[in-house]
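Below you'll find the structures, each written out as structure tokens.
Across the two complexes that follow, chain A remains constant while its partner is chain B and subsequently chain C.
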Partner chain A sequence: MAVRKTIYFFFVPGLLLYAIFFLYPTLSGFYNSFTDWDGMSDTSGFVGLDNYKTVADSIIFKKAIGNNLRFMLSVVVVQTLVSLIVALLLTKNKKTTVALRALYFFPTILSSAAVGFIAAYVYDPNLGLLNELLRMLGLSALANNWLGNPSLAIYSIAAIQAWAHIGQMAILFIAGLHAIPEELYEAAKLDGGGKWAIFRRITWPLLAPAATIVVAYTTIQSFKAFDLIFVTTRGGPNYATEILSTYIYSAAFQNYKFGQASAASIYFLFIIAFITFLQFRALRANRVSY
Partner chain B sequence: MLKKYSFPAAIFLLLALILAACGGNGGNASSNTVSSGNSGAGKPVEISFIHWQGDVPVWNEIIKDFEQENPGIKVSMQTFPSEQYQTTAQVKLLDGSVGDVFASFPGAQFESIAKAGLYTDLTNEAFVQSFVPELIKSGAKDGKQYALPYSLVYNIPVYNVGLFEQYNLSPPKDWDSFLAASETLKSNGIIPIAFPGADIGPGQFMNPMMMNNAPDEEVFQKLEKGETKLTDEWWTTTLSQFKELNDKGYFQPDSLGTNTDAAIALFSQGKAAMLATGSYSIAAVLKASPDLKLDLLAPITVPADQAIYEGIHTTTFMLGVNSKSKHPEEAKAFISYLSKKEVAGKVANAANQNIPVKDIEYTSPALQVISGWADKKTRFQPRYLITNIEIQKAVTGSIQAVIAGDSAEGAAGSAQAIVDQQLKP
Partner chain C sequence: MPLRIAGRLFLLAFAIIILLPLIFLIVTTIKDQQQFYASPLGIPSSFTGQNYSHLFDSQPMLSYFSNSITVSFSTVVLELIVSSMIAYGIYRIANRLGLILYGIFLIGLMVPAQVNMIPIYSFMRDLGLMNSRFGLILVTVSMLLPVAVFMLTGFMRALPKEMFEAGSMDGAGEWRLYSQIALPLSAPSLAATAIFLLVSVWNDLLFPMLLLTDKAKMTLPLALLQFQGEYSTNYPGLLTGVVLISLPMLILFLLLQRYFISGMAAGSLKG
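Moving on, here comes the complex of A and B:
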């Protein structure tokens, strides 16, 4: 019993940090979502579900959800596919593996804000590198107003978000690939299996756990994206890149409506939980074991 | 069973008690008892000064001089990026541990700080008399002077006088001549207006564009009371004029993707004749191209005889004393020092910004460019009079919408829908 008590004692620091930095803010945010607190005043009034109704009716909140879903889908598809391809290439090519892994991993050491600043300069329609490059390659027709065109801006930022995290996701896939027993590939080759058949019947099904983590992580990461959007477009032009995190930031720290921001955060939490749940179910259904 | 969980439950309860002791939702902050004076024997009182002018080394000099003149007071300065400051200053001021003296923006931030009771009333302080009375109204509310603006800027385009002279153009006096001048510049391969539509452009250029379309200085206050709408003529006319400038190619191509630095580069390189920002850009332009001859001009969007205002001014960087400060007298002493014309002049010429303190001698080249504007009929920046940020964003968003291709009426209607939601009780 004494040993057990000692074990519990070692939990205390972690539990304390968890309680202070997660549990308390979460519960506090939940409580604030039922008040009209402005973030500064000494007093606040209980307003029941008013904040939830106001947020649900908000034109900007609805735009933010739509933009967030578009952003998330683009990032998940591009980031998962490209990082899988990069992982496969890096695992096969033994000679250049270390150098290439370092190269692909490089963007992940940059902060999102730094990536955003770089992206804003690269995307600048008049002086930016991307349009200049396209013009040099004779592809002037593809030159665009990447961040200023309301129908394109969210995808331009999604491309940067995906680029910045491909190395990180590729490493998860590489770990998954290393966990697949080599004997399975040898047996498949002996049975005359082609590259595509081997990938479809062995690699992909056995990568399902890694893919589940990559997709879930990418979903959460792209839903939470804030600094990249804030640095590049601040949610503009005309709300074209407004997402849930920028909406919440604006409501809390610019408009001083902490109650509404807290209600939006609770919606945010449920949306992420629901999407992640669906993804886990879908990907778990595809899982196999040999 | 109960015994099995008793120890973890006890730990959790302990945590809950600790949190409860620390907690309360920000709304339970206790107010400090204000004391002043040099509390420790021989030990100087330290006051905190927070603001957003991080790139101005003159502040260190000023503080050093102040400390020499006031050996009982030490000033600890912290600066933040202006974007960060705009959103988090209030939270920092709440417990009184930082920001005995603090800077604030006019408009939404001033209103929210005043509402939270974080300003000390400075109305009867002698140093208020050092300021130009008409230029400190942005720091006043309900007849009380809560903050003293320490920066005066003109939010109207900077123009390249040399390029205008080259094409025999003078600052246009009405909308038709503004369009004609723009056409002349465009037909000679010059971008008439470098417009940073990706960031500050809409929020800056909207001010001179609307100043004579809606000469009522309370128009945005009325919008926030529901007494006027963005779908009314004053705003749809402004939007259609923005659209006209864009559709005629008087902004650089893809202006909504152009940020401030890129717009300044276009202007500094002589590729654009006007820069739709404000007087605060002059120093950066002169740094890049010291030989450029510059001045300011505002687009006059109405016939000349109907023009009431010649431009826009903003008094910002408003200095206040935190009502939760433990050292209010020392904080006031610091502001009093900054209010001296010699000290204010030193800051002004080093930081290339006008300061609304009386009788300052401006010697910096950037400030000499705008010296004549103090005598012109300018009005306070209308955008800063919008206190709800979502309404402010809807207004500037409607400008981006017309530049992206929407009709003036459609963009105004969409923006008004957001305004209507914000006005719901």
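Moving on, here comes the complex of A and C:
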């Protein structure tokens, strides 16, 4: 059927908004990354790649990338493993399983700012839930300054991030499990396959697309975390929880180095784009259509 | 058999991990400050609503609520109209140009909001749209456009082509095909998309923080951030704010669970 011209009008409002409030700002940010703009004055000088060099040489920027990776790896490992186990245990559509799925999913709908405040309360060294519970159980030795201890803080926040999103990822795994044809399991049982053999030969390989999605999504989501860290530690103590997004924020809005902050944003953009590209490739390799 | 018991124990332990912070959060908000500091985990001898009434007395809570409702509702409605039109267009064109247009929006999926925070901030300042809820709505609609287009295009591709061909034969124009066939048929997916968008906008902190400085215009998550400075270690007060901003979503979640779960799952596929 021929395409009628009127159909192109359907794109007009969206393209206008998108061009003005998304594409243009992104491009202007790209331009700013080559200038020494302070965010205030009307003038700025073109400095070429200087900002990129300054940022790349900055110790805090390197620290931020390291923290980003630590945060990402711990969230990905915990979130993927736990959500997979949860999903395997909650495949049947019984009343209790459906209720449990909803319960586990619930923290996903909380704002990450709210989750951040919950984390601040849970981890408070003196009045916090975690330390109080440990003391009550006679485990005072394990009590810690969860957000104030530089070697622990980033992992404490990673745990809360996983707490908030495991249910969401479990839903993706459950969808993947439901997509596996029942006949395969029946055939395997007839052949006398044990539980472990069935899991290894059928469930695991056929779950690969869902696992790819969960890992990719968790990777990007944890790499982009901002609110949670901003609310709990603002990157401290001593930059122990500084990640790229908080680094960009303070470079721009506390130090007024808009040029450098823009260069850091572009680094950030390329990292995310690269991860997204890998995600699309992995999904294509798994030949899945969601 | 031991495996089954281990599984049950795992589910129970995880349920406790999810519930425990939430239960203590709520219990803390109905304790007064003295009780909380004397015994942070203890069950209070009497429950009080004073944290809630204090918050409403000392803060313009109703205006925060009305700002959040205005911004969220307008954003979601505007977003659904604009993105469903695009998704319909992509579905109907179905040629190379359609794919290119789709690709232009998909590129946006790769750009995280934090990359855009600096340029959006300076651009909105230049436009004189600082401290404007309308400006915030336009920015938020644009930021969420890629994911909304992605979700709705995926859903619309599943619609039966024949219905549109039949409608077209009967002389219906694109606008009628869109509004009388495409939209009604997509109702469940529009609902899931709407929920995903609503949760995203209701909970957004970054753009309100960049664009709204006037207390009278703030949305709830931003107001909460203000309390952090004012209440410093008054946990009962702070957590009361957390409960209040989460309550509307909790009620909606209990009513519309199915759409929440499918919407948030579909939304998460975009990464």
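Here is the rule we go by: the second predicted complex is superposed on the first by the 265 of 290 C-alpha atoms of A that agree within 3 Å, B and C clash if a C-alpha of one lies under 4 Å from a C-alpha of the other, contacts with A are read in each partner's own complex, and residues count from 1 in each chain.
In this text, a residue touches a chain if its C-beta (ideal position, glycine included) is under 8 Å from a C-beta of that chain, and two chains touch if they have at least 3 such contacts.
Not measured: the values here are computed from a predicted model.
Asks: What is the contact status of A:34 with respect to chain B (first) and chain C (second): first, second, both, or neither?
Replies: neither
Asks: Thinking of the overlay built on chain A, is A:26 touched by chain B (first), by chain C (second), by both, or by neither?
Replies: The second partner, chain C, only.
Asks: Could you look at A:254 and tell me whether it touches chain B, chain C, both or neither (first, second, both, neither)?
Replies: In the superposition, A:254 touches chain B alone.
Asks: With both complexes superposed on chain A, which partner does A:85 reach: first (chain B), second (chain C), both or neither?
Replies: Touch status of A:85: second partner only.
Asks: State whether A:173 touches chain B only (first), chain C only (second), both chains, or neither.
Replies: Once the two structures are laid over each other on A, A:173 reaches no partner at all.
Asks: Is A:233 in contact with chain B, with chain C, with both, or with neither (first, second, both, neither)?
Replies: Touch status of A:233: first partner only.
Asks: Is A:124 contacted by the first partner chain B, the second partner chain C, both or neither?
Replies: Once the two structures are laid over each other on A, A:124 reaches both partners.
Asks: Look at A:10 in the shared chain and tell me whether it touches chain B only, chain C only, both, or neither; answer first, second, both or neither.
Replies: second
Asks: Specify the partner with more touching residues on chain A, choosing between chain B and chain C.
Replies: After superposing on chain A, more of chain A is contacted by C.
Asks: Do chain B and chain C land on any of the same chain A residues, and which?
Replies: In the superposed arrangement, which is not itself an observed complex, chain A uses residues 4, 8, 11, 15, 20, 24, 28, 32, 39, 124, 127, 249, 253, 258 for both chain B and chain C.
Asks: Quick check on the complex: what are the chain A residues that touch chain B?
Replies: Spelled out, the residues of chain A in touch with chain B are 4-5, 8, 11-12, 15-16, 19-20, 24, 28, 31-32, 35, 37-44, 54, 57-60, 120, 123-127, 145-150, 233-239, 249-251, 253-256, 258.
Asks: In the complex, go through chain A and note every residue touching chain C.
Replies: 1, 3-4, 6-8, 10-11, 13-15, 17-18, 20-26, 28-29, 32, 39, 82, 85-86, 89-90, 100-114, 117-118, 121-122, 124, 127-129, 132-133, 136, 163, 166-169, 171-172, 175, 195, 213, 216-217, 220-221, 224, 226-227, 230-231, 244-245, 248-249, 252-253, 258, 261-262, 265-266, 268-269, 272-273, 276, 279, 290
Asks: State the interface residues of chain C toward chain A in the complex, per the touch definition above.
Replies: Going by the criterion above, the answer is residues 3, 7, 10-11, 14-15, 17-22, 24-25, 28, 36-37, 40-41, 81-83, 85-86, 88-89, 92-93, 95, 101, 104-105, 108-123, 138-139, 141-143, 145-146, 149, 154, 165, 168, 173-175, 178, 199, 202-206, 221, 224-225, 228, 233, 235, 238-239, 241-242, 245-246, 249-250, 253, 257, 260-261, 264-265, 268-269, 271.
Asks: Once bound in the complex, which stretches of chain B touch chain A?
Replies: 7-8, 11-12, 15, 18-19, 22-23, 25-29, 31, 86-88, 90-91, 94, 108, 112-113, 115-116, 118, 197-199, 252-259, 262, 265-266, 388-390, 393, 397-398, 400-401, 403-404, 411, 417-418, 421, 424
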